[in-house]
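Alright, structures below, take your time with them.
Shared chain: chain A. Partners: chain B in the first complex, chain C in the second.
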Partner chain A sequence: MSAPTLERPPTTASPATGQGSWWSRHQREAAPYAFVSPFFVLFGLFMAVPILVGLYLSCTEWAGLGTPEWVGLRNYADLLTDASFWTSVGNTALYVVFTLLVVVPAALLIAQALNARGLRGRDVFRLAFFMPVVISPIVITLVFGLFFDTEFGIVNGALKAVFGFGGIDWTGDPTWAKATVVILVLWRWTGYLTVFFLAGLQNVPRELHEAAAIDGAGPLRRFTSVTLPALKPVTAFVAVTVLVSTAQIFDEPFLLTQGGPGESTLSVAMFVYRAGFQRQQLGYAAAAGVVLFLVVVALGLLANRLLGVGRDSR
Partner chain B sequence: MSHPSRRSLLLGALGAAAAGTLSACGARSTTPVTSGQVDLRIWTHDPGYVTTFTKAATDPAISGGSAFTFQPRITSAAPGDIVTRMIAQAVADGNTPDLAGVVIDQFPRVMGSAIAENLFVDLTDTVAPFGDDLLKLAPYEVGGKPYGLDSDNSITVLYYRQDVFAEHGVPEDVATWEEFAEHGERLARDRQISLGMVSVGDNGAIVNGYTQMLLQRGGEVFDESGALALDSPEAVEVLEFLAQGVRTGFLLALPDPYGSACAAALKSGRLAATAMPNWYNAYGLQANVPDQQGRWRMRTLPKFAGGGHLATTLGGTAFTVVKDKPATEAALEFLRRVYLTREGQVLRYHAGGYLPTLRPLYRDPDLLAVRDEYLGGQRVFDVYAAAADDLPLFHQAAGMQVLSAVLGGPVLDALKGRTSAHAAIQAGIAAYRQQVKR
Partner chain C sequence: MSTMTARRSPAGRVLLYGFLIALLAVFALPLLWALSASFKSRADIFSYPPRLLPHPAVLDNYRGLLEAQPFWSWFTISTVVALISTAVSVLLCSLAGFAFAKYRFRGRNALFTIMFSSLAVPFAVIVVPLFIMVAKARLTDPWFALVVPWVAPAFGIFMMRQFTEQAVPDELLDAARIDGCTEFGLFRRVVLPLLRPALGALGVWSFLNSYNSLLWPLIVISEPEDYTLPMGIQALFGATGRQYDLVLAGSVLAAVPSLLVFFLLRKQLLEGLTAGAVKA
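Right after this comes the complex of A and B.
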């Protein structure tokens, strides 16, 4: 068997003149760029160009047909005085805070429980917690609509049977409607996040727990002193992902309440959708979209820096 | 003969693909089709229209004698998507439909920025011969010109459980809403039975339900010029009436008139009457409580003591003809044959239950003879004919979607007793003016 050669393969350039096609003379330098170019072409076409067009549109008034009319920063100025926009910002902030403070810890605790030694039916529990992510949003809408109906809902029926009251107007009262949306968020995403934590927990060496136990640490101390530090990279990743995705929350309020009653569950993403696709105010929608984009990027970078995502935890 | 190299074959294939792509991006033919077989691209959300247009294309009574042979090519899409995609395709000079079914609450999206004028054929000349006999043009007019023909007159009637009325002593011929409400209060108090419903779900459902009653009372949301006309005594009176009905239990507050909660109310017998348009018979009653066939009847609405109309209207879908396309002329003729002829209107009723929009059809012997088995064999056109004689006009404006969003909350607050009817209307008006100043 002959040894592999490391010599450069012969090129097609003419040896007599040293001349050849441009490619044959430059392929060594150009080949890497050719290999990476598909990504940049696609990124430019489907990311950079839409973002730049969105930026341009945000400075125009356009209903979708005809020529956009340049209005400078007027759309941004209008956003500042638009009560609906600020309502949507407040609602979105509420969803983000709830998700970070309730959904993420809940996912961690469930993962911890699922990771317990000797748990029977672990796969059944995993399946049950993950199920909401794969259920069709249409089915979720129908089921939650039936659950939370004021007159005929199962939740009110159960409350009435157990506690003797059950007249909560879940989707008709502004405060309860917000609560209903966050319950849906909790139900839908906790199981999904649990999978990340579970993967992280399974990588925590048992020896650390055993050593801590020998040193006299109880279950709570082992959780705070061993599990949590070991899970820091996963927690940081989950927190940043959740922050960025919840800031763009659309499905839950759209499906359950359509942003109502009134605008009490309207999110910023719904505001953008409503302006663009229900009112044909595409320039205004683009301006709101740009603001949302900037806020999400800023929050993502800030959280990245604070939590040290991607950095070595040692 | 030399064989082409693999490289030249690849280059050739790439060149051919690029040429094909570029030619596809080129300008489309705009040469009008004036006769012969013509493919009509039709976009609609409702399978009933698929049946209607498919049957009409092969029905000699409708399509016979035309210079065209119509070939409907139908695409189904959600109501909102039809408008969104049509505008997107128009911007891209792409495949717009020849005929598009635009649901009534989506039409305001094309009323601003001259979209309707640039996208659709002005139907003024097409409808001119029919004068006042053609009903329900108003919602689809922009600048006084009609751009769509509605498929259904969407007449609101009172559906009621005849057996429940007989059992509990509610007369079937109650003259006024106020009198009807008294019976409703009594039944709600004594039997937990309601005689109507209000929507308390999303803003669209809330405002639609309210608008339906407001129109009957003689009020308007927008006037003919598109100006907001909500600041009226009728607007407050109707909202007060509805709020009072919810308070006393005469009216049942439900998220929407179709969903699971409504089905539960109908099945359990808690809802024994409701004012809804003609299409509710199929999509609401028969869909939710088929087992109650024969127990339901319909009649014209009770009137408001303060005045107004005998009937009202809710919903609808207009078909529009997209202009400046090769098949525009054919699409316009097809629409005229299906929507503005007796044969077409009768076919539409039988294909999808769509009520005629031509007034004389309400006296047509064939339609007057129609009996509805679900309604105990009732002659339904006896009711529709009386209602069609006194239908209010419903005007829309480009700001309708905005109004729906900002009025829904205050109306709901009034229905739930969290604010007064007057304050709710004023709050909706103020929010509307703040948002449409843009």
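Right after this comes the complex of A and C.
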């Protein structure tokens, strides 16, 4: 965008005159391309090119120095027989399923509660629930980790006080460590998703509910036959967002447990990070990244097909 | 009074408020505990039963952090990087969003689809090659590496397109064109003022994204003097001895800018985030 031409006096800039610079005559046709071009330049440099480089690297063996050595599809074959990779896939699948089956319904439930008529302090609740996602994940995870500390943590302390036992090794036991990561995900993301559902619920006309109530529909019936259908676009949006972002989960397991104990909380994104930046297997990491990409795209398309997200965007 | 409110029993109300207040405790208590613990002496942080208020309240943790650690350097890098990224990405996203919303041009649908699909590209697939490219080009300076690759997020463009479609009437654009306004002038004088709430939403969103990011800085930044705030806190925590006292003080200070922009622009953010999802 050339600044001087934009500052031209209005008369020459008018398309009707047909005079002036090329830009002032064609600006109406050229403007949209100029306006979207910064995105596409950055997209090309920092996303499209890296994807192509990644595809190439995924067929090489390279520790970062010298020239990458072409190995064809060997990295992919190795991934298929790599137990660590499958562990990370299994863990990631667990996080995704948990988020879809627990976090999303919990968010809907909370949104439903917040949408109650005449509720006082709705905004305070909404803001407080949203807060964990605003604060840096490192801060959130540190505080959370202190709460779930085996020796000194308040959670174990409270369990001991109430139930008489509380020696749970939250981050040191493979099963509990998964549970802790999942609780962290629940704590961090529920309030965020609630905001979407609440906005959706507030868009459902009250009259619809009232009409259903007059027809004798109970709360549950009203929820399934009025609320849920009206929420379909929001639910679809939330489900796809959650699916795509949880499939790439990194921060929570990385900060809370470093993927451990062993590999019991390792996610696919962490697997890529570990291979690439801790073990210098750059080709192998790139291959794992490509696999993750394909899975995310497949899941996205599947969800799209099932929920019809794309069709709604007008 | 509708039948719904009439039928709602007092017991139901008690249950509703009980549920919400319990949730409030679950969401807010850990954060309040951290705030309180940051004023406790190291020995008191883990005393049991936990005391809600620090007694005695001490500033040692903050003093230790600010005097012995390069906290202000971390803080400055994170904040300035986030502010620059925010300013540039708000401009670029609203320009592109305006183009997608209000112009009919050849290739528009294809370009929009490419832009929208890029949302599904996992960071993990580009992280290794992107790091190699940035490192080979010797661009690992935080002012470049933490800003430039991320200043035109597809999500922001999508959000601004949704807003522009709703908030900017075509007649207004045509009227301004007849008055001789240039296309960029339209954007600056007509579109931007109408989009103000959405700009706020996108602004907080990108500030938080940049300010809170950890993985990419961790990969690309190697010099300790270039550390961002999350990296600094992570380094403190990872160092021997797990300096909980310093880490807690650092966490509280690190949360201040996030919470500040969030509270200042909360309304815009919450409405802006959901606009795309609800109206889709």
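Everything that follows uses one rule, which is that the second predicted complex is superposed on the first by the 268 of 314 C-alpha atoms of A that agree within 3 Å, B and C clash if a C-alpha of one lies under 4 Å from a C-alpha of the other, contacts with A are read in each partner's own complex, and residues count from 1 in each chain.
The rule we apply is simple: a contact is a pair of C-beta atoms (placed from the backbone, for glycine too) under 8 Å apart; a residue touches a chain by one contact, two chains touch by 3 or more.
Bear in mind the structure is a predicted one, so any value in this text is a computation, not a measurement.
Novice: After superposition on the shared chain, which partner residues are touched by A:83: those of chain B (first), chain C (second), both, or neither?
Specialist: A:83: touches chain B, not chain C.
Novice: I'd like to know which partner A:251 touches here: chain B for first, chain C for second, both or neither.
Specialist: second
Novice: Can A:66 be said to touch chain B (first), chain C (second), both, or neither?
Specialist: After superposition on chain A, A:66 lies in contact with chain B alone.
Novice: Based on the superposed arrangement, let me know which partner A:146 touches: chain B (first), chain C (second), both, or neither?
Specialist: The answer is both, since A:146 touches chain B and chain C.
Novice: Should A:265 be classified as contacting the first partner (chain B), the second (chain C), both, or neither?
Specialist: In the superposed model, A:265 contacts neither chain B nor chain C.
Novice: Taking the superposition on A as described, I'd like to know which of chain B and chain C A:274 touches: first, second, both or neither.
Specialist: first
Novice: First (chain B), second (chain C), both or neither: which does A:110 touch?
Specialist: In the superposed model, A:110 contacts chain C only, not chain B.
Novice: Report for A:238: first if it touches chain B alone, second if chain C alone, otherwise both or neither.
Specialist: The second partner, chain C, only.
Novice: Between chain B and chain C, pick out the one touching the greater number of residues of chain A.
Specialist: After superposition, C is the partner touching more of chain A.
Novice: From the superposed pair, tell me which chain A residues show up as contacts to chain B and also as contacts to chain C.
Specialist: 64, 142, 146, 149, 152, 277.
Novice: Going by the contact rule set out above, which residues of chain A touch chain B in the complex?
Specialist: 62-66, 78, 82-84, 142, 145-146, 149-153, 169, 171-174, 257-264, 274, 277-281, 284
Novice: With touch defined as at the start, can you tell me which chain C residues reach chain A in the complex?
Specialist: Checking each residue of chain C against chain A gives 2-5, 7-8, 16, 19-20, 23-24, 26-28, 30-31, 33-34, 37, 46, 48-50, 92-93, 95-96, 98-100, 103, 105, 108, 111, 114-115, 118-133, 148-152, 154, 157, 177, 179-185, 187, 208, 211-212, 214-215, 219, 229-230, 233-234, 237, 244, 247-248, 251, 254-255, 258-259, 262-263, 266, 270-271, 273-274, 276-278, 280.
Novice: For a test of understanding, state which residues of chain B touch chain A in their complex under the given definition.
Specialist: 80, 84, 87-88, 90-91, 109-110, 112-115, 118-119, 200-204, 206, 252-255, 259-261, 264-265, 401-402, 405-406, 408-410, 412-413, 416, 431, 434-435, 438
Novice: Can you name the residues of chain A that touch chain C in the complex?
Specialist: Listed in rising order, the residues of chain A that touch chain C are 1, 5-6, 8, 10-11, 13-15, 24, 27-29, 31-33, 35-36, 38-40, 42-43, 45-47, 49-51, 53-54, 57, 64, 110, 113-114, 116-119, 124-132, 134-139, 142-144, 146-147, 149, 152, 154, 157, 161, 187, 191, 195-196, 198-200, 203, 206, 209-210, 213-214, 233-234, 236-238, 244, 247-248, 250-251, 254-255, 268-269, 272-273, 276-277, 282, 285-286, 288-290, 292-293, 296-297, 300, 309, 312-314.
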